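The first chain written gets the first letter, and so on, giving A, B, C, D, E, F, G and H; residue counts start at 1 in each chain.
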Amino acid sequence: MLLQKGQKLLFIGDSITDCERARPAGEGLFNALGRGYVSLVDALLQAVYPELGIRVINVGSSGNNVLDLKARWQEDVLDRKPDCLSIMIGTNDVWRQYDTPFITEGHVYADTYEATLRSLVKETKPLVSNLVLMTPFYLERNEQDAMRHTMDEYGAIVKKIAEESDSLFVDTQAAFNLVLKDLYPATLAWDRVHPSQAGHAVLARAFLNKIGFEWNRG
Amino acid sequence: MLLQKGQKLLFIGDSITDCERARPAGEGLFNALGRGYVSLVDALLQAVYPELGIRVINVGSSGNNVLDLKARWQEDVLDRKPDCLSIMIGTNDVWRQYDTPFITEGHVYADTYEATLRSLVKETKPLVSNLVLMTPFYLERNEQDAMRHTMDEYGAIVKKIAEESDSLFVDTQAAFNLVLKDLYPATLAWDRVHPSQAGHAVLARAFLNKIGFEWNRG
Amino acid sequence: MLLQKGQKLLFIGDSITDCERARPAGEGLFNALGRGYVSLVDALLQAVYPELGIRVINVGSSGNNVLDLKARWQEDVLDRKPDCLSIMIGTNDVWRQYDTPFITEGHVYADTYEATLRSLVKETKPLVSNLVLMTPFYLERNEQDAMRHTMDEYGAIVKKIAEESDSLFVDTQAAFNLVLKDLYPATLAWDRVHPSQAGHAVLARAFLNKIGFEWNRG
Amino acid sequence: MLLQKGQKLLFIGDSITDCERARPAGEGLFNALGRGYVSLVDALLQAVYPELGIRVINVGSSGNNVLDLKARWQEDVLDRKPDCLSIMIGTNDVWRQYDTPFITEGHVYADTYEATLRSLVKETKPLVSNLVLMTPFYLERNEQDAMRHTMDEYGAIVKKIAEESDSLFVDTQAAFNLVLKDLYPATLAWDRVHPSQAGHAVLARAFLNKIGFEWNRG
Amino acid sequence: MLLQKGQKLLFIGDSITDCERARPAGEGLFNALGRGYVSLVDALLQAVYPELGIRVINVGSSGNNVLDLKARWQEDVLDRKPDCLSIMIGTNDVWRQYDTPFITEGHVYADTYEATLRSLVKETKPLVSNLVLMTPFYLERNEQDAMRHTMDEYGAIVKKIAEESDSLFVDTQAAFNLVLKDLYPATLAWDRVHPSQAGHAVLARAFLNKIGFEWNRG
Amino acid sequence: MLLQKGQKLLFIGDSITDCERARPAGEGLFNALGRGYVSLVDALLQAVYPELGIRVINVGSSGNNVLDLKARWQEDVLDRKPDCLSIMIGTNDVWRQYDTPFITEGHVYADTYEATLRSLVKETKPLVSNLVLMTPFYLERNEQDAMRHTMDEYGAIVKKIAEESDSLFVDTQAAFNLVLKDLYPATLAWDRVHPSQAGHAVLARAFLNKIGFEWNRG
Amino acid sequence: MLLQKGQKLLFIGDSITDCERARPAGEGLFNALGRGYVSLVDALLQAVYPELGIRVINVGSSGNNVLDLKARWQEDVLDRKPDCLSIMIGTNDVWRQYDTPFITEGHVYADTYEATLRSLVKETKPLVSNLVLMTPFYLERNEQDAMRHTMDEYGAIVKKIAEESDSLFVDTQAAFNLVLKDLYPATLAWDRVHPSQAGHAVLARAFLNKIGFEWNRG
Amino acid sequence: MLLQKGQKLLFIGDSITDCERARPAGEGLFNALGRGYVSLVDALLQAVYPELGIRVINVGSSGNNVLDLKARWQEDVLDRKPDCLSIMIGTNDVWRQYDTPFITEGHVYADTYEATLRSLVKETKPLVSNLVLMTPFYLERNEQDAMRHTMDEYGAIVKKIAEESDSLFVDTQAAFNLVLKDLYPATLAWDRVHPSQAGHAVLARAFLNKIGFEWNRG
């Protein structure tokens, strides 16, 4: 297990991370962590590693792209001084190119995405014990699908930056691909983007496995 | 893994099972399974065993005691023909003796509890592949506490009936006791009864381990 | 124009037809016809053919499959004695096979779909001046996609029944395919099923062209 | 078709344009364009000319008169740099003279109306490819009716300014007059001002025909 | 003053009488009489003739036509045994012919209107001390307007029946015509049907003057 | 009739004047004048003197005492430049002495009341054609009742200031006393302060009679 | 103390007893007993005599008069088998004579009141250990006030029946009169009927003193 | 009785004091004092000592700890110039250590608690006639329970400061302990912190007894 006793674990991202979390930051009781994979990660850490006392904080915000993250990085990441940071961003950067193609201000193309994410990682890596980079994903089996294709490109950028920076890398698309062999996308998400609880379990498990979580301990 | 491809897994119980599930029965998309351990079990089964296509159904109802279960057993359990059935009941049977001691009609004492639960189990065991009996629990560390003491008695009854009937037995109190070593009850439930997501993760994990779930497969 | 002065034009279908129509039947002022293609057809008929005084009625119901239509056919179609009837059904018959694959009671397979729709058409064709059969559709470009593939099969059944019964046939999938060349599905519908206003315009135009509507008359 | 690929088409006006559009500007999915003629224009442009990728924006505001338009012209029109601009204003300028005759601050008389509209047109015409001026209208058949009479005067001002400035001119009153031959005003609008969907179809068709829209292309 | 101490005065009609009255019958405190002319009549009777103790009851119902009145006449009029009865009906009988011309079931034509109203009056006149018949009205100055013309026909029917039956006759259209000389219809009602408080004052005054109310007494 | 064509008539006061009026000022359609005597005055002026075109404005505010009026006098009275002004204040000045006797900051005693009201009247009288001073009132028959007694003192102050300043004086208590001979206070107001519609009719009639309103003219 | 260990104490009455209690009967946690004197009595009994375990039940219903009590007596009193019963009724019997004098069906005059209450008492006295009769009251100092005068008559009837039947008698009017010497009625109740918490404390104290409650014990 | 005629009695604390009080300060009618012990104290003071005219003010705020009190001490205590002040604080200072152990910023440890409370008392004692210090409490019978143990430590600090400063000391834990002998904690509070009405009666009685309240006087 990579996490140490008493550490602070911060998640940042878009609506998939947000999931109705509390404001200004999601932590503590009463579903303050939202209803998604962050809450599942926290629940399993408390249930299986209660003695570690990991403090999980959710600062995901619906609709965010990587530029939105940059704009609130100081306040929502650096000022909170996390020991461990997880970033999953890119869905909206890509999606806006496909659902509102005429409104080009809302698009974040690959070069901007890469440069911005890299700079955030570079600035933050030295300040944390663990940095986890999770790819964005699209719940579509067909790799030739235009939006899936673009999402894969953004996922490859995340992988490249993870390797450059020696961060932990979580390939969420690969994790979902395993499940999509047996389940049609509509079973996991009506819009192929916002997962059901089962989809969030896929995300939580991929994350936990990467940080050395052991289900059967204790 | 005890569950077979295409089987139907039904959960019945009180508010800890219910957790805002859909009516008349909780199953399918859009959080129809509620926000508790049933939803977690379903999510992890879909995420880790997608090829099994297990159909999970939640018919827990807030406020129920074992007599309420008996009253709707035909309609909510037998008529649905589950392959696997999980029962967790007893919280309200005990709690009403402590929070409204003057309203004795609401109390279900141990002899009635035992006789009723035994008869439901006897009637149903032959009709299902797997029957899981989960104890009620109370998030109180002190075994001498009056309500914890009574709850333990009811848990012992569940254990006895599980053994008699050769059912699978899940000792939820024992599972919580491990966590309570490190966490004060208020961290898991303000009222010592309705668990946080972490508490539901404890329940889901205890259940899944009993039916042979393997986190690391696949 | 196939419609005659004073005729009653009835639309039946699922949520794509319903679109928040009034109950028990949608007709008259104050958006009683809903917010979808039925309202557009009505608006354009009134705007371009005001002297015809066509009475449009919407009895689409969200979630319906062909068996639901059969169950209310007497009350919602025959008793209303339409001069012209339009049917668009099949989305849910197919979709439930893909979004809740474990809940098989909700699936309507091709043979049942075909037999049921044929019997409704046979019974009703002699009673109306015009019968319009619209295919269901799926806003997915990839014909190899499993659900698109199934939807195309159901569309072919509609075509066959239209030909057999000499009904007017509207190939909505073909109409959408033209638009999907230029627009990614997410532009027209987040869930690939419920269209935006632009998608409803595609449907309304396909319907109107089939009944001889002339935009430039008058 | 006067519109070119990728152009931005902006609509400004009062409640007849607004129709519950999103704020600060109406564009994109989820009925952001409102429920009126602007949404219809957008839907038909996407359905029939999907390859053009026209970006439609709605900045109509309920209750506005021409002075309100002037006050937000920089922010809502000029700063948005539309390629094509459509203006329909005057209803409230006239209506307030008739429904609250004692509150004279709310009245905009013909000379002010004319001078203000002319100055807005003069300033903006050089900046756009196409400028469309739509008259206000009143759903009243009787030309001797006092308010209809005044509205016709304002319509004549719009026509004069369109001619002076070589703008495209849409005579909405004339378009409605054709329909009013067959339909009593109450069929189209309970208050003779806010049209039903059929009324909005009259407006959308008049607009589209003026910019060269062809229903049967493609 | 025609009303006697302790008498019961009942008003029946459509939405113009209803005005959000209490159910099942509007009488007593807390705006139970609604917000229209009935409440004004009651208020002025109490204020000016407090010693008479007149009991006013409102059983107007929005959307009613004369056939709807007939259907509830026993329960809402006869069973309540009023001493004085006021009827104002006909608006919807006429309006539906103009706002939803295609839905002919909703129309009540003049012959049915006349026969039904006459039979109600004939049956009830012998049972009450005073019967007041108020015409329907339309807030339109132009007598050649189609709907105003029809409304005048229905008003003439009311007058004829009042004369035949020796009932008190209140010509509400005539009362409004006086005001419409100075005020445009939109000042009194946005839809020309549902009056503002000023319009209700016109109705209340016409009614009160007919029953001998003296403003300056006491 | 003291009011002239086109004059502006402003009412200021407390909750009895306010009655849910629109903000910032109550005037125009849609019950903007509230549900009390101001609305009745406006309705009767429009109904009986439509040719005068009197503009009625309501700036009463719930909970106000005379000091609250002073604080907003410039903005709500002087800046609006009324031709005729009506003031009815004092209820809360007195009531707070009786319903929250311990909270003395909320009390306005007679000397402060008199001085403040006199100064407002002195400042404003020269600026208006007509100034109407209405007494506060208390719907209690017993003159020896403590609160009624105090209210009468405040009424006497209003009378004195009206005489000094040659303003029109409306003795609302006297008007109510006539009605209270026949009706118990609870019939007119459950709390003896906020009148029913009948009570508001008493107020409106007293006001209108003072300014020369003739019910039977026209 | 007249109450014995484990006894059931039932309160019946009108809105003063009801105070938003739970339905069908008010007892147990979460303010099920309402917000009035019943809740205060229960709270003080639990706080001062916790070992007695008195079960308090509230079946007061807003708007009830003595005839309403009679209509539900079997179900709400006899079937619940109380050991001790408290009745406080009469407010509405009297009040309706004063606030809606014209609606005579709502009045319950003294003879009916007396006969009905006596018969209920006679039937029930033998079935309970203690029967408490509380008078209705009116928060008005002036005994010559018409409604106070009538209320005193009804109070005298309660006293007479209490004496006849050897029931415990609580003179609530007398208890309030002591407080009214120092506090004006409006301090205790805006409508002179529904008491503030202070008024409910007066009622609870009068009741408790009658049954032998000792504040300083324990 | 320690309170004198006309004195102002201020209560400050956390949610147990707050209980939905009005803002900015709770006093006066309409439950402005909230639904807890403060309201009970006020009600009993008015009911039993109406001639004293004690003015009770509630400035408790949910979620507050002693540092929050310090932050608003000037505005909410000193500026209001109370004659008598009651402080009950500490619940949240302790509770946060147990329900969100990982979020250490929310914890107020004993040394900070003691120093802060002492300084507030020292500053304020000379300014008031009576200062009442109430301990925090925890509705748990087991003194070895971790949170009960800590709460007792904080209670001991309150006692020490009360003695040092010669303030009145109310041992709420001791008052509850008497009741807990007979009632299980869940009867008084589901979360062992927020009391039922019975629990608030325990608090009110302990407070009143300390200031010399006599239930049987008058």
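Please note the rule applied: a contact is a pair of C-beta atoms (placed from the backbone, for glycine too) under 8 Å apart; a residue touches a chain by one contact, two chains touch by 3 or more.
Note that the coordinates shown come from a computational prediction; the quantities given were computed from them, not determined experimentally.
A.B. asks: Give me the chains shared as neighbours by chain B and chain E.
C.D. replies: Intersection of chain B and chain E contact lists gives C, G.
A.B. asks: Counting C-beta pairs in contact, which comes out ahead: C-D or D-E?
C.D. replies: Looking at D-E and C-D side by side, C-D shows more C-beta contacts.
A.B. asks: More than half of C-E's contact pairs recur, by residue number, in one of A-B, A-H or A-C. Which one?
C.D. replies: Equivalent chain pair to C-E in A-B, A-H or A-C: A-H.
A.B. asks: Need the CA-centroid distance for the pair chain D / chain F, whole Å please.
C.D. replies: About 45 Å, centre to centre.
A.B. asks: Between chain B and chain D, what is the separation of their C-alpha centroids in Å?
C.D. replies: 62
A.B. asks: As a quick test, compute the distance in whole Å between the mean CA positions of chain F and chain G.
C.D. replies: 40
A.B. asks: At least two partner chains per residue is the criterion; list those residues in chain D.
C.D. replies: 29, 53, 99-101, 183, 187, 190
A.B. asks: Which chain pairs here would you call touching?
C.D. replies: Inter-chain contacts occur between A-B, A-C, A-D, A-H, B-C, B-G, B-H, C-D, C-E, D-E, D-F, E-F, E-G, F-G, F-H, G-H.
A.B. asks: In their complex, what parts of chain G are in touch with chain F?
C.D. replies: Contact set of chain G toward chain F: 95, 98-101, 141-142, 144-147, 183-184, 186-187, 190-192.
A.B. asks: In their shared complex, at which residues does chain G touch chain B?
C.D. replies: 6, 27-29, 53-55
A.B. asks: Chain A touches which residues of chain H in the complex?
C.D. replies: Counting only chain H, the residues touching chain A are 99-103.
A.B. asks: Over in the complex, which chain G residues touch chain H? Could you list them?
C.D. replies: 29, 31, 33, 35, 39-40, 42-44, 46-48, 50-51, 53, 178-179, 181-183, 187, 190, 196-202, 205, 209, 215-216, 218
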